[in-house]
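The following pair of complexes shares a single chain, subunit A, combined with subunit B in the former and subunit C in the latter.
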Partner chain A sequence: MIVGHTRGSSFRARQLDEHSRSSWLGRIDPRAKLIGVLCFIAVAALLTKPDLVIAALACSIIFASISKIPLRHIARAYAATLPFILLASVSVFLFTGWENGATMLARTSSCTLPLIVLVSGTETFELFSGLRRLHVPALLTSLLMLAHRYVFLLSDELSRMTVARKARGFSGGKSLLDRYGLRVISNTAGMVLVRASDRADRVFEGLRSRGFDTEMYVWRESRFGRSGVSFVVCFAAASAFLISFQLGVIG
Partner chain B sequence: MHIPDGLMDPTVAFLGWAEFVLVLAGSLWFARRRISERDLPRVALLCAGIFVAQMVNFPIGGGTTGHLIGGALFAVLVGPSIAIAGMTVVVLIQALMFGDGGIAALGLNALNMAVIAPLTGWGVYTMLIQLLGKQGTLSKGMALAAGAWASVFVASAACAAELAVSYAVSAGRYGIGAPISIPAMLGFHAVIGLGEAIITVGVMSYLSSVAPNAFVLRKRTVGAIAARIGVLNSPILLATLAVLLVFALSIPLYLVYASEGKDGLEQTMDRSGTEMDEPLLESPFSYGQNFFTMLFAGILGFLLVSLLSIGTMRLLGLASGRDGST
Partner chain C sequence: MKILEVKDLSFGYEDGTVALKDLTFSVEQGEKVAIIGPNGAGKSTLLHLLAGFRMPFSGLAVVDGETLADDNAARLRRKLGLLFQDPDDQIFMPTVEEDVAFGPINLKMDDIDGRVARGLKSVGIEHLAKKRPHRLSYGMKKRVALAGIMAMDPKILLLDEPTSGLDPRSRSELVRLLKQMDRTMLIATHDLEAAAEIVDRAIVLNVSLMMRGTMRDLVMAHEDLEKVGLEVPPVSKLFKVLDTMGYAVDSLPVSMDQAVAELTKVIDREGRHVHAHIHEHIHERPNHLPLHAHNHRDKRKSAGK
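Let's look at the complex of A and B:
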């Protein structure tokens, strides 16, 4: 019964899910999407031959472009992960030359893009319920679902506290020797936790009133169906093709 | 410290997943017995709180900032088993919803930030608090600061080692070379660890003055469960085991990197033409020649040393249970 409560009305949480309704991905069973995409990512991360890495990147770009998720949204999400990807690629480039650096950039991107598409094309709670239906432990998925909902509530509170701090002239401190600055930052982090704790009892009463029993129930039953099977088969075939070339079974 | 997909050698990434799943299964077993139905939203809110607290940047100097990891804070507040489950949730949300860290590398990311950081932080804190005395605010603060600093430093050392081993075993196709990864990660995180220590102590002192019972869970603690099992009834022993477990997690990674060449003494004996005589005592075990026999020998050695250490501590009266189970 967690879903009923945690779906709530957070605007930002809804914003995250807006593209799942416009994309055909939203109609596929979450288990099929998780199995297919995670299988492809695991294989793409294994590839070392540059031409295969380029092929995996091409598959990822095709998947992103046919998903009907706005390219601007995908590009924005990819840009957020780019610093981590570039750090790895540049250090490999400095050590072992441009070819390995470029392969690293392409390989990391071919893993990141399908994940962005999967997350954008699936409602968050469907994704978590998919994990539960794939037998991820209930404690973990229940915590995931509740924590994801509260991240937005608490980050809104943090934003309000940050504005209040700025209004009182605090600019973020100077260094680790700035005792006043660090005390203000510690108190802010502490306040986030205290407010979280204050909210916990009210949350529990709300959950109990909706029949909470720690298990996760979906509000919309989905079946694997033909679309799910086709999705898994497509991704499994692409993954099998790539790994066969990598291991020298074909070619 | 979030590793993206495609950066790590597949063997290293697989080992990370295997170790993480094993530790997570154990911690969920303990956590299920500690978290009551009423506590579930509280723990979830703490996960969200730690996630949001990671957004609070603190100044390091020279215009650079760092942010809280929160593993030690989480573990000291609610215990290591729940902290491992909770930090796993934080890392999962970061990877799935915000693209912070990859899926193939999730095992390693979770191992570093959700297992090694809380276990080290809690282990060092618990050990020091027993040694320095539980009552004084100063000793509590020092133990907490040391635990928080160690959690960041050891987690970053693990990350640097994973990058270096990936680079070495893949001949440069994956990972980052040790000359860059180790000094950069350790140097940067030694300073970030200072910030983590100051903020963690600040948050805990704020919590103890404003809401001392905010995160007290209602069910019995791991210490009480361990006391019922009858072997681990001492906080010092539990803390020692937590730190030993962190070392044990490095065994498979070390074996991947281990050289098959001769050690210093064997080289010297070779050069001087000295031959080895027959041993006086034939050992029942050997390290073996492949990864799995060496791994088996490593695990067996770890268990024997742990049991011997526990026995010695009991004989010396350091872990007789009179220091009180938590």
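Let's look at the complex of A and C:
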């Protein structure tokens, strides 16, 4: 953690955008990625036939595997979402049986995987600017961007406090019965919030001192281009194929 | 022409802490002024107040002929370039060039590409344009933050502790850079050495105004600096000793490096041995004592012979 921690930006923040440059996805216009992936997710969420859900999951896995984003990274991100996916699947399994439960597991996974690939293969700022260019309200995209920046401020402060705590020999708080440890941790949480709030104020003043009002403007806007069109066409075709089978238009 | 004027300025925080009290000073166009003071003296508060981030305050702050108030703070801020103490608080965008472009884009300025290029060039980081700021060293981040300000082409630069947290090399590079910049500057710092190289005059602040004058005046006022809570810089100690020995320190530059370089030149030029028995406890100037240069190199040479 000490090695990974640098002033003002955490190791995790750096990792977040790390794969966008190694993947071919990073070269595609963010609007194309958003349109294609969100269109596919909307269709995948509507599928009810188990074989079609499996087909959607297969498409998601193929997309993930050809994205050139390390599978380990995708697996870790997927594992983080797994509790929510399992919650939905187990509930369905308990009430309607294993087949529906498994279908729910496959359906939610087929929606989650492309999202993970989209987020990993796109720089965070580009993703938000893509949303803005798709006419998502400026207030919302700016809030997303500020929230993204502030989450890492909070994480930075937490890392610093954790290191400071450990450096002074603290190793408690591993048991709910350790009252002293819990007191130290609750004090840390309070301090983290206070310090992060102070820094958040300074960051906001930094933004305002450079003319920021409520909207984030993009300097060099990327073009949709041939790659963007191809991406949208591929995802639209897959989505159309699946929804046609679902609605009985084909087969 | 006065570009910045402060009259009877006072500001207190919500918890009742008085940060600034009855402050009066002005800055001429093109002038470089240092605000010197210990921690908690109100230096940063003053810069943030002038940038319109600390309201309300009593007294008067006039920026480029306009009185600073709630309703015009955002507009007046365009004329000011505030460099934060910690560049991580200021850098926002994913690449250096995008961060430099951030201000001009927000202010809807023209020729963004040109401004970015000039901003990067002004601080000598053209080669870092495509880099990610969070991967840079602290010193380079400071330059990126400064380039972001320069791209906005402000009339006045407000620099909050520009040399803090920098290693000696980065510090001297930044000092050289700021010295070369032809722009009105108000620099909050407790680094007297750096200030001596950059600014024309200084104001010593400790909630209220304690002293004002040229850097030479400050460097020579050892007791006053100590009273304010500032550590006396090495150049000040050197001047004190030389002054005690009867050397005309008025002719020496006020930065340590330059003063030492000048003294070395004098010693070489004089070509004589100088014996300087320097003791800090000498209080009276021994007028009878001439300055003797002790040239060790010559001594070794003669010993070798």
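FYI, the second predicted complex is superposed on the first by the 188 of 251 C-alpha atoms of A that agree within 3 Å, B and C clash if a C-alpha of one lies under 4 Å from a C-alpha of the other, contacts with A are read in each partner's own complex, and residues count from 1 in each chain.
Here is the rule we go by: a contact is a pair of C-beta atoms (placed from the backbone, for glycine too) under 8 Å apart; a residue touches a chain by one contact, two chains touch by 3 or more.
Because the structure is a prediction, the values reported are computed rather than measured.
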item	value
Touching partner for A:L182 - first (subunit B), second (subunit C), both, neither	first
Partner chain in contact with A:S91 - subunit B first, subunit C second, else both or neither	first
Which of subunit B and subunit C A:R199 touches, first, second, both or neither	both
Which of subunit B and subunit C A:S22 touches, first, second, both or neither	neither
Which superposed partner A:S209 touches (first subunit B, second subunit C, both, neither)	second
Comparison of subunit B and subunit C by subunit A residues contacted	B
Which of subunit B and subunit C A:E123 touches, first, second, both or neither	second
Which of subunit B and subunit C A:T108 touches, first, second, both or neither	first
First (subunit B), second (subunit C), both or neither touched by A:S227	neither
Contact residues of subunit A, present in both the subunit B and the subunit C interface	124, 149, 199, 203, 207, 212-213
Footprint of subunit C on subunit A - complex, ascending	6-9, 13-14, 17, 123-126, 149, 199, 202-203, 205-213, 217, 219-220
Subunit C - residues contacting subunit A, complex	48, 51, 53, 74, 77-78, 80-82, 84, 86-94, 98, 101-103, 105-107, 112, 132, 134-135, 138, 148-149, 152
List of subunit A residues in touch with subunit B within their complex	16, 38, 41-42, 44-46, 48, 77-78, 80-81, 84-85, 88, 91-92, 94-96, 100, 103-104, 107-108, 110-112, 115-116, 119, 124, 127, 137, 139-140, 142-144, 146-151, 153-155, 157-158, 172-178, 181-183, 185-194, 196-200, 203-204, 207, 212-214
Interfacial residue positions of subunit B with respect to subunit A in the complex	2-8, 10, 13, 24, 28, 31-32, 35, 37-38, 40-49, 51-53, 55-62, 65, 68, 85-86, 88-90, 92-93, 96-105, 167, 170, 172-177, 180-181, 191, 194-195, 198-199, 201-203, 205-207, 210-211, 214-215
